[in-house]
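Each structure below appears as structure tokens.
You will see two complexes here that share chain A, one where it goes with chain B and one where it goes with chain C.
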Partner chain A sequence: MPLIGQLALALALILAFYSIVANVLGARRSIPVLVASARHAVWATCAMVTIAVLALWTSLLKSDFSLEYVASYTSSTLPTVYKMTALWGGQQGSLLLWTWLLTIFTAIVAFQNRRRNPEIAPYALAVLAGLAIFFLGMLNFVTRPFDMLATIPADGQDLNPLLQNYWMAIHPPSLYTGYVSASVPFAFGAAALITGSLDDTWIRSTRRWAIFSWFFLTLGNLFGARWAYEVLGWGGYWAWDPVENAAFMPWLVMTAYLHSVMIQERKDMLKVWNLALIGMAFGLTLFGTFITRSGVISSVHSFTQSGLGPYFLSFLITAAVLYTGLLLFRVKSLRTPAEFESYLSREAAFLFNNLVLVGIAFAVFWGTLFPVLSEAVRGVKITVGPPFFDKVNAPLALALVFLMGVGPLIAWRRSSLDTVAKTFAAPVIFGAVTGICAFIAGLREWYVLTALSLGAFALGTVFVEFRRGVSARRHMVSENPARAFVNLVAKNNRRYGGYIIHIGVVMAFVGIVASSFFKTEVKKSLKEGESFQVGSYELEFLGLSQNETSHLETISARLELLRDGKPIVLMQPAKLFYKRPQQPATSVAIRSTPAADLYVVLAGIDDATGLTTFQVFLTPLVFWLWAGGLIMALGTVVAMWPNVRERAAIAAAVRLPATVDIGAETVPGGD
Partner chain B sequence: MPKKLRFAIGAGLIIGAIGYLIVTAVRNTAEYYLTVNEVKARQPELSGQMLRVAGRVKAANIAWNPETLTLAFDMVPPPPVDDTGAVVKTVAATVDPPEFHVICRGQPKPDMFAPNRDVIVEGRLAANGTIEARQVLTSCPSKYIPKQPK
Partner chain C sequence: MVCGALLTPVTASAAATKASQQEVAEALTCQCGCGLTVANCNHPNCEFSVPVREKIDTMLAHGMGRTEIIAYFRSQYGEKILSAPTTQGFNILAWTMPFMALAAGCALIMFTVGRWHKRPPAPASSETPAADQAAVDPDLRRRLERELRERI
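Right, the complex of A and B next:
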């Protein structure tokens, strides 16, 4: 098996080289046979990497400890599902997963474009193959997943206990899918720059890829936060750790990109900016891998440090220089006569939303790199922690929510003050009333009050948009409200999917603000039979119980949760002692309601005194972060859904002879 | 005023505001990230400052009181290592290694806290040389790094 995997990776590397040469030559000299051959090479590359992945999976499942990777990240007692997920438990496997996704996506792109985009598709495929070559080079020469051990150990060192969790089973693949699919729009952007076909074909051809990437980046961040919440046992979900920041930055830039391409499609503006944004988004996905793998930046939950750093950095710099060079080279042809006309326009709202999103990304970038920068410049390592990120991002988040409210309602090009006042009256009143109600209810923090008002305002604008659309349909085609609503969303899924995402963002935002401001923490050491108070709840400690398997030992505490003297539920936080890595881990007990989460950690058991220590967090509205995240995912699915009109456009485009310029209606990729 | 300029001013204001936020936030929240040796070398000037100090838990002298949730221990520099990760044996220790007493109140003992573990302590350096910690973070034990068998 290992031999087959190794061989497949070597062949994949050769095939990727061939596909670049054949694609570029075929496109330059217009030799369709060569382009077709390159396409087959792309598919073959994908097949080879798939074989390598299956080979590694087989070895993991068979617990073949002669393989260094298997011995390092699994053990014979590890549950089967984690033997599967160990594929991304270590560095070599993670890179293999990355490469696999990349070659799968490249294969899909090759298939989608087998009859369209003859100008830029071969170059885009060549760019993607170039990327694959880098990763395959790493896998073949630097960090090899199929290295064998000279002496076969009796058992493996096991997967890090923190990774033995179902969220860790889905978080890395989601995030990697998001990371890797961002390279598709990037590759098309680069191809547009290389060939000089600078109309918005590259954007339209990869629109769905960009949304797809955003969808998985969103889920990846969300799953990561949920994992931190359930596994790390500190009561929070986000700590501004470099690893988290690395996942957050591409999401921010992709969000900016998804908004600003709308301006290019509509107004033919911001061409340079869009190309720059997709370049940044792509660069940040590589940067994320670089900082988590290189050990340049210390992270509390850092990964294996390794010699990968210099390679990644060189590749990143090379890609950045080449891309920036291309962009500068074409900058003259990218100028457009169109310009912004008024601050009271959707273009302006989108422009400022872009600035704020990229500003947040920059602040996060700066804070993450600060230790390295300060050491380089001043010779002292200075860090900025969560307070820095909170301070900078809190006001920017408010600005963003405000703009999110303005964007959907304001007209393109320009509005008069009068129309603005009329359109925004209802949402503004709704926002103000929400703020006043919150004030009357006893809230005094100005930030929370502002956040609630702006959130309500943004929700209000979405509501107004839906109402407008529904009533227009009711008048035009006289449908009943429910039917009109469904048709409205179905016929304009991209737009209304976006609004659903906005609703989710507001929900998540409110959840984040409330859970950051009003968290109660109680720490208590007590004996069996004693009880303590947390907010309006009472927790009675009933006792400890022990359970042992060959894989781990569990000590769990039983706590009765009471409110007004009435028992509600039995909570069982636990401590886990994994046998192989000899490392303890925490299993928290969470009782989640829309109003608040009660989060109980078994923090320590002291044998000497017989005291058991509990750490309890009462966090309001954190539920809404997860709910909002799900709504965002749902909205994204709606926005990605292929709709009838687009189908017709694709059919029409394919029927047209290739010589006719079909740029305007060119097909969005990636169903 | 030409429209371009008007928008450039607006964009400039936003960028300026973001820059200002970053600069002030850095000024208010920056902490030195130092090793035990570095803190020792600059102890007088660092007194009273918020620090993040990386070091190792000395095996002797660890006290944990679960009732008050008070953890006290001594922090020493990790032994010097060579490129392969093996501890370099110094011939003769001419000076005592620097060490700091750390007191952390009101926090549960971290799961992975143990003698000779590498930790990062966040807290204030008091005038008497004690670090009053807000938080003690344990680094992931290095044994997860697969070692190449020779």
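Right, the complex of A and C next:
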């Protein structure tokens, strides 16, 4: 198996090289047979990498400890599911997963464009193959997943206990899918710059890829936060760790891009900016990997540090220089006569939305790199932690939520103050009333009051949008409200999917603000039969129980959760002691409700005194962060869902020249 | 809003349990490698955060203030123990650069927009059902209907 895997990776590298040459030559000299041959090479590359992945998975499942990777990241007692997820538990495997996803997406792009975009698709495929060559080069020559050990160990060193968690089974693949799929719009943008086909074909051809990437970046960040919440046991979900930041930045820039392309589709403006944004988003995905692998910045996530940093940095710099050079080369051709009538317009709202999103991304980038800068300039190591990121980003988050409320209702081109006042009256009143109610309810923190008011304002604008649409449909086609709502969303899914995402963002924002400001922490040491109070809850300690398997030893505490003297649920936080490597881990018990999460950690057991220590967090509204994330995911699915009207538009677009303006809201997905 | 109501039951208790130890520990970074603040590190027998938290308690009991305690730990471990950069010297850049970049971005937008062609005022947009007239406006109703007819 290892031999097959290694051979497959070598063949994949050769095929990727061939696909670049054949694609570029075929496109430049208009030789369709050569372009078709390149397409087949792309599919063959994907097949080879798939074989390598299957070979590694087989070795992991068979516990073939002759393979260094298998011996390093699994053990004979590791549960089967984690033997599977060990594929991305170590460096070589995670690079292989990255490469696999990249070649799968490239194969899909080749299939989608077999009869479309003859001008730019071959170059886009060549760019994607160029990326694959870098990763395949790493896998073949620098960090080889199929290296054998001279002496076969009796057992493996096992997977890091922190990674033996179901969220870790889905968090890295989601994030990687988001990272890698951002390569597709980047490749088409680069192809547009190479060929000089600078209309918005590249955007239309990859719009669904961009949304797909955003969807998985959202899920990846969300799953990562949930993993931190359940596994790290400190009651929080986001610590502004460099690797968390590295995953957050591409999400921010992709969000800016998804808004900004609407202006290009609608008004043929911001061409340079959109190409710059997608370049930034792609660069940040590589930057994330660089941070994880290089060890330049210390991170709790650096499970697999290595000497890969310089390679990634070189590749990142090369890609950035080439792309920027192309952009500057084409900048004159990208300038189009732009029209801008008023700051009271949707264009202006989108411009400032982009400014704030990229501003937050910059603040995160700056804070992440500042320790390195400080050490280089002053020779002093400093830490840039949560207080910095919270303080800097807090006002920007408010500005973003405000603009999120303004964008949906304000008109394109221009609005008058009168119409703005009429349009926004209801959402503004809703926001103000929310703030006043919160004040009357006892809240005094100005930030929380502002956040709640702006969140309500943003929700209000979405509600007004839905109400108007439903009302107009009911008036025209006499539908009942429910049917009118469903049809409104189904027939304008991109727009209303976006509004559903806005609802999710507001929910998550409120959850983040409330859980950051009002967390209650109680630490208590007690004996069996004793109880203690946390908020309105009472926790009665019933005792400890022990369980041992060949893989780990578990000590669980049993706590009866009571409210008003009535038992609600049995909570069982635990300490896990892994046998190989000998490392403890925490299993928290969480009682989650929409009002608050009760989060119980078994903090310590003192045999001498017979005392068991519990750390308990009562965190309000954290539930809404996860619920908001799911609503965002739902909205993205709605926005991506193809509909009949869109299919017709795609067919029309294939027949019509790409420059025909068919409107931003009704343009075809193109893929 | 429902969130405001939901927050109410926990607000009082939250305010009551905001410990000074927590405030100080939030300003210090744990040096065990966890990357979290001293307040958040929950390694069971962490050799750094556990004794530091105890020390903070002792210092608070002796009447020392937040700034004094933080200054003490800084003198012991250097600047890296602080969980955020100071607001002095080179570190000012850490705090100001994001906002300077934002201001520069804002200026760039205004400069670019100023160079864009300005069309003479025309009637407000009617291209979307979300146009900014009030829903009761009959013109809006007619426009919405026209557009929706195209979309349905």
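The definition used in the following text is that the second predicted complex is superposed on the first by the 649 of 671 C-alpha atoms of A that agree within 3 Å, B and C clash if a C-alpha of one lies under 4 Å from a C-alpha of the other, contacts with A are read in each partner's own complex, and residues count from 1 in each chain.
Heads up, the rule we're going with is that contacts are C-beta pairs under 8 Å (C-beta built on N, C-alpha and C of every residue); 3 or more make two chains touch, one makes a residue touch a chain.
These numbers were taken from a predicted model, which means no experiment stands behind them.
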Residues of chain A touched by chain B versus by chain C: which partner has the larger set?
C
Which of chain B and chain C A:T50 touches, first, second, both or neither
neither
Once chain A of both complexes is superposed, is A:P581 in touch with chain B (first), chain C (second), both, or neither?
first
Is A:T195 touching the first partner chain B, the second partner chain C, both, or neither of them?
neither
Please work out whether A:S525 is in contact with chain B alone, chain C alone, both, or neither, and reply first, second, both or neither.
first
In the superposed arrangement, does A:L149 touch chain B (first), chain C (second), both or neither?
first
Of the partners chain B and chain C, which touch A:G236 in the superposed model: first, second, both, neither?
second
Is A:E68 in contact with chain B, with chain C, with both, or with neither (first, second, both, neither)?
first
Just to be sure I read the superposition right, which of the two partners does A:G604 touch: chain B = first, chain C = second, or both, or neither?
both
A:V392 in the overlay: touching chain B, chain C, both, or neither? Say first, second, both or neither.
both
Residues of chain A contacting chain B in one complex and chain C in the other:
233, 298, 300, 339-341, 343, 348, 351-352, 355-356, 359, 362-363, 366-367, 370, 374, 380-385, 387-388, 391-392, 396, 575, 584, 586, 601, 603-604, 615
Which positions of chain A touch chain B when the two form their complex?
68, 71-73, 90, 149-151, 157, 160, 233, 298, 300-302, 304-305, 339-341, 343, 348, 351-352, 355-356, 359, 362-363, 366-367, 370-371, 374, 380-385, 387-388, 391-392, 395-396, 523, 525, 575, 581, 583-586, 601, 603-604, 606, 609, 611, 613, 615
The residues of chain C that touch chain A in their complex are 1, 3-14, 17, 22, 26-27, 29, 33-37, 40-42, 44-45, 78-85, 89-91, 93-95, 97-99, 101-102, 105-106, 109, 113, 116-119, 121-122, 124-125, 127-135, 141, 144-145, 148-149, 151-152
Chain A to chain C touching residues, read off their complex
232-236, 239, 241, 269, 298-300, 337-341, 343, 348, 351-352, 355-356, 358-359, 362-363, 366-367, 370, 374, 377-378, 380-388, 391-392, 396, 408-416, 419-420, 422-423, 434, 437-438, 441-443, 448, 452, 455-456, 465, 467-469, 471-473, 475-477, 487, 491-492, 510, 514, 517-522, 535-536, 575, 584, 586, 594-596, 601, 603-604, 615, 618, 620-621, 624, 645, 665-666
In the complex of these two chains, what residues of chain B are touching chain A?
3-4, 6-7, 10-11, 14-15, 18, 21-22, 24-26, 28-34, 52, 54, 64, 66-67, 69, 106-109, 111-112, 120, 122, 137, 139-141, 143-146, 149
